[in-house]
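The two complexes that follow have subunit A in common; it is paired with subunit B in the first and with subunit C in the second.
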Partner chain A sequence: MNYIVGTPLYIMSAVTLLAILTGAFHLKGAARRLPEWIGIGGIVATLAVVTGLWGDSQYGFAGEIHMSRLGILFTWIILVSALAVIALSWGEPAGAGRRPEYIGLILAAATGMMLTVTAGDLIVLFIGIELLSVSLYILCAIEVVRERSLESGLKYLITGAIGTALLIYGFALLYGMTGTTSIEAIGTTLAHAGPLTSQPLLIGSMALIAAALGFKASAVPFHMWTPDVYEGAPTPVTAFMSTGTKTAALGAFLIVFTGAAQGMVSDWRVLIGAIATASMVVGNIGALMQNSVKRMLAWSSIAQAGYLLIGVAVGTQYGARAVAYYLIAYVTMTLAAFAIVILREREVENGDQLVSFTGYGRRRPWAGVVMTLAMLSLAGFPPLAGFIGKFMLFQAAIDGDMLWIAIVGALASVVSVVYYLRVSIVMWSPAPAGEFDGGRRLRIPAPVAAVAVIGGVGIVLLAVLAQPVIDLCQGAAQSLIP
Partner chain B sequence: MTVPISAYLMLSVGLLVLGMLGVIRRRNPLLLLLSIELMLNAGNVALIGFSRQWNDPSGQIFALVVMVVAAAEVVIGLGLTVAVFRSRMNLDVDEMSSMKG
Partner chain C sequence: MPWTSLLVIVPFVAAIALAFVPRGNRAAGRTIGIAGALLTLVVSIVIVAMFNRGQGSMQLVDHVNWVQSIGLSWDLGVDGISIWLVLMTTVLFSLGMFAAAQRLPQRGNMFLSLLLLSEVGLLGLFTAGDLVLFYVFWEFMLIPFAFLIWTWGGDERRRAGITFVVYTMVGSLIMLVAIISTAMIARDHIGHLSFLISDLHGVPFSSTASTLLFAGFVLAFAIKLPLWPFHGWLPMAYSQAPIVVTALMAALMSKAGVYGLLRVGVPLFPEGANNLLIPIAILALIGIVYGSLLAWRAPTMRLLVGYSSLAHLGFIVLGIMVFDRMAAQGAVLQMINHGVVVAAAFTIVMIIGRGGGTEDMDKLGGLAKGAPRLAVAFLIVAMASLALPGANSFVGEFFILGGVFNQYTWMAVIAMLGVIYAAVYMLRMYQSTMNGPVKGVSDEGRACEMRRGDALILVPLILIMFFIALWPKALVGATQASTDRAIAPAQVAADRPAAQIVPSGVITGSRP
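Here is the complex of A and B:
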């Protein structure tokens, strides 16, 4: 029994409880930031510990925790986005008066995401997904006085709970067919299970699990909740949902499908491929018609889930490597874009509307540059990080004899240029007369600006220093499929 | 006399379908939560049935975990429902359309 492997999870759980416990005291002055500092300290400590665990796969407890390189790489992505979200929430009106709960729930959700990507057992995978979902239901609705926030929380809870029910049923059938909940043992059993077509219960379990994880990753046709929930939730929470949850869900997809069900890849690749294609088509068309940047980013996150699922659908090591790299790029550019939206929201009413960005780039050139970089990268312009990621995904699809999905992806990217570039063009167009002269001029919270700038630099750095990052992703993919 | 696994499966599929129908038909969040609970328990019945079939306790442990999680989900669902009710005194998810899908 190896208990040391669980250390990152112990630290995060302890820090979560500590952050919530600070709510029991009346903190005054600078001490009101205590939950934030506890969270930041905990995340940095966890990052250090988890980095120390990088290496060959280690199993914790009786195999329930599987600290693979893939799990560690995904844990990094999750922790960095949690850190960025805490920075983005600096002075967030939604958290005013209940910062301990707000920060504590972000940490709890991050713990759940970590548990999901390092799970070695179906039960642990389930607990991880639920811990992250339940924390996010509350976070969406945390602004109880704002009706849209409540509405978004309730909608997320109901759709999320349906996803949970499907996930349990899928896991139950998988357990019934294999007689074990250990993911590794399931992989061994499935490798000798013969063709899927002769086993209807296995087909059912694969379809249910794909549907349930599709709910969490907001892939079509399980995406209906995404635009409303993303729009209604406080924007930093939206940023966390579109980065952290997506990472955890894709991690679960890789663990269950590419990892455990590797032996039947030819049977499920059509299923995942269909979900990926539908997400790319519907997500990109939906994003074309949005006037709110927040809603546009929601539809774009549906489309991006589609691109990411290409890497799962091919079921190869190249595919897993491409998913890991594209996730890193996607999280970086999404956080940068959300940071700019949050800046604008703090300044004006309805700051998420596209019109309120008119001329913003001329007023704050650095914000304009960051947003333009993020949009170009999301659209897949060379030589930015998003382009390299998409190139790797399409390359993996072609190598895996799925040329058609690469063609759909390339066409979908062309469509996406329209709505991504529209944001950049609006930002640099002349501001309407009178705008920005008298209006409120709020001081920008430094942490939010820092996330924007670091994100912008990250988009460029991920492209310039792509090779070392790709090597890391390669290592992670090897721990999934030798 | 032992109950065959097919009986457990039929019961659980029946519960799952009932729950799904409820989710599709009902518009009141309380009844939606109730239907979702039915779907979760369909999974539990299947887990326990398979656990008996394999003579392996992990299915039962899984079912216990599911119950705890379902309780947590319902608590939050009820809390949110009460909060929505307080703010508008009306419970119909179709009328929740301050945002358009």
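Here is the complex of A and C:
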């Protein structure tokens, strides 16, 4: 029994509790930031520990925890986005009186995400997804005085509950067919299971699991909740949902489908391919008509889930590698974009509306540059990170004899150019006279600006110095499919 | 020195430097902008001086692995086809910088910075030796051009810009899929994943694959050119963009499509190119006639020149697609000629538009009276454009028509129409604005006269035209080997008689 492997999870659980416990004390002055600092310290420590575990796969407990390269890479992504979200929430008015719970829940959600991507057992995977979901239900509704926030939390809870039901049902069927909950053992069993078409229960379980994970990744047709929930939730929480949750969900997709069900790839690739196609088409068209940048980013995150699922659908090592790289790129550009939205929201009422960005780039050129880079990269313009990611996804698709999905992806990207570029055009066009000076001249919170700038630099560096990052992704993909 | 890389790096650094110049300091912005463009010009002159004329393959290659595991590399070089395009780009951008700096719009530093970025895209494109890098620069050039339209364009700039971007992106993303497919199919033949054009040369694709891949590439090229019927973005973009940008788009960006055809499409997929020869040639022919007719009826000078370039590009595409040595040679020469002439034509439109306050031909007339020097320059440019014997375009069009006539007589007959129409619409433009009673301007149109700053732009262009007209061999000599190398595989695919096909020594790039 190897208990050391669980250390990152122990640390995260401990700091989660610690952060919440600080709520029991009346903290004054500088100490009011104590939950944040506990969170930052815990995340940094976990990052260090998890980095030390990088290497060949290790199983913890009786195989319930599977610390693979893939799990570690995804844990990095999750922890970095959690760190960024804490920075983005710096001085956030949302949940002002509830800092300990707010930070604690972010840490709890991050723990759940980590558990999901390092799961070695279906039960652990389920617990991870539940932990992240429940924490996020509360986080969405944490601004209890704002109706939209409450609505957002409730909507997420109801749809999320359906997802949970589907997931546990799918797992139950899978257990029934294979007689085990260990993901590794399931993989061995399924490899000798013969064609899926002869086993309706397996088809059912695969479809149910794909649907449930589709809910979490906000893939079409399980996306209906996304725009409303994203718009209503406090913006840092939205940023966390579109980065951390997406990473965890895609990690689960890779573990269950590309990993465990590898032997039946030809049977489920159509299923996942259809979800991917629908997400790319619906997400990109939906994003065209949005006036709120937050809502636009919600629809765009649906479309991006579609691109990511291309890498799952092909079910190859190339595909898994592309998913891992694209997730890193996607998280970087999404965090940069949300950082700018948050900046604007702090300055004016309805700061998420596209109109309130008119001329923003002229007033704060650096913010305009970061937003433009993020939008160009999301649209897949070279030579930025998003381009390398899409390139790898298309490459994986063509390599896996799925040329058609690469063409769908390419055409869907054309549509996306319109709404992504619209944001940058608006940012650089002349500001309407007078209206602009009405914005409160707030001092820019340094952590938010730091996230924006680091994200902007990251978008460029991830592309220019892509090789080492791809090597890491390659290692992760190999740990999934040897 | 990695001269070829410097070609891209110098304008890029200047563009970034410009972004940091304070908004109020326009003098510094002008200095950096012009210095950046001139320095790039110097680099390109050095490259031309170092260029070995006899060699058909890429020279002065800078190769650095970029992302090896997915096959990307930084690979820049020049050959006989790109060398003059590079020189033309740096010359025209230097002149464009002068033109822009003379009448700097609001936020002028940003304007100059974006101009330099579009130069980076074009120069990178013309020197890229790796298909992905080719794509990277292909897209890189789009963004600055689009932002130039969006920020400094006319009243309908938003729509014009979006139309332009969406049209281009449809083609380019399909091209990206084609690029990846090409390398994936070729991987089995080469043994490893490579996007280098030199590696992909001579990979035997099946007939179907070759045709589909060629079609995937050609869609992007056809939209960028534009080839009829993919020209939907052209009228909007050309009429809404600031005139300097329109001139550069017509002169240089359109060449990106032709260049792609000659550098990537025809040499890599000779069989596919041969299968699609007739359809593409027909589109080019329709473009020649249709563009000429539109130019004839165009209301403004700017649209007239824009549509005329639709016709001229049809000529060039035709010259490449018939796989004839003479025609291809003419096409390469005509790429340069058209670039120089159309830039000069737009400069004249700019001068008249500035002095007369309108580019509408019906509202202007008799300007020759007050602006005799402009009239002379205009006449020279018009004569060059309609390919008067003795003018630079004459040589190019003669080569193209001669080559086309050798292969497909009927095509040459239709293409001749374009030559006739060119005389009609160019002379109409000259007559309606320069001759007749003075109209639309006060003081007999003295405001339209060429100023010293304008002469600085027009005179070099006219000198280049004369130089090419008198000594075309200077250009052709350097392009011959590369052009032959580009079309030789397609000639084999088209079963041309052996006498017409280039000796194989040229194909490998060694001197015979």
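Keep in mind that, in the parts below, the second predicted complex is superposed on the first by the 479 of 482 C-alpha atoms of A that agree within 3 Å, B and C clash if a C-alpha of one lies under 4 Å from a C-alpha of the other, contacts with A are read in each partner's own complex, and residues count from 1 in each chain.
Criterion: a contact is a pair of C-beta atoms (placed from the backbone, for glycine too) under 8 Å apart; a residue touches a chain by one contact, two chains touch by 3 or more.
Because the structure is predicted, anything quoted here is derived from the model rather than measured.
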| item | value |
| --- | --- |
| Which of subunit B and subunit C A:Tyr59 touches, first, second, both or neither | neither |
| Touching partner for A:Phe394 - first (subunit B), second (subunit C), both, neither | second |
| First (subunit B), second (subunit C), both or neither touched by A:Leu150 | first |
| Subunit B versus subunit C as contact partner of A:Gly232, first or second or both or neither | first |
| Contacts of A:Tyr10 with subunit B and subunit C, given as first, second, both or neither | neither |
| Contacts of A:Thr180 with subunit B and subunit C, given as first, second, both or neither | first |
| Contact breadth on subunit A, by residue count: subunit C or subunit B | B |
| In the complex, subunit B residues that touch subunit A | 5, 12, 16, 19, 23, 29, 32-33, 36, 39-40, 42-44, 46-47, 49-51, 53-54, 56, 58-59, 61-62, 65-66, 69, 72-73, 76-77, 80-81, 83-84, 87-88, 93, 96, 98-99, 101 |
| Complex contacts: residues of subunit A adjacent to subunit B | 122-123, 126-127, 130, 134, 137-138, 141, 144, 147-148, 150-155, 157-158, 161-162, 164-166, 168-169, 171-173, 175-176, 179-181, 224, 227-228, 231-232 |
| Subunit A - residues contacting subunit C, complex | 365, 376, 380-383, 387-388, 391-392, 394-395, 398-399, 403, 406-407, 410-411, 413-414, 417-418, 421, 425, 428-429, 466-467, 470-471, 474 |
| Subunit C residues touching subunit A - in the complex, by the definition given at the top | 19, 66-70, 72, 132, 135-136, 139-140, 143, 146-147, 150-151, 158, 161-162, 165-166, 169-170, 173-174, 176-177, 180-181, 184 |
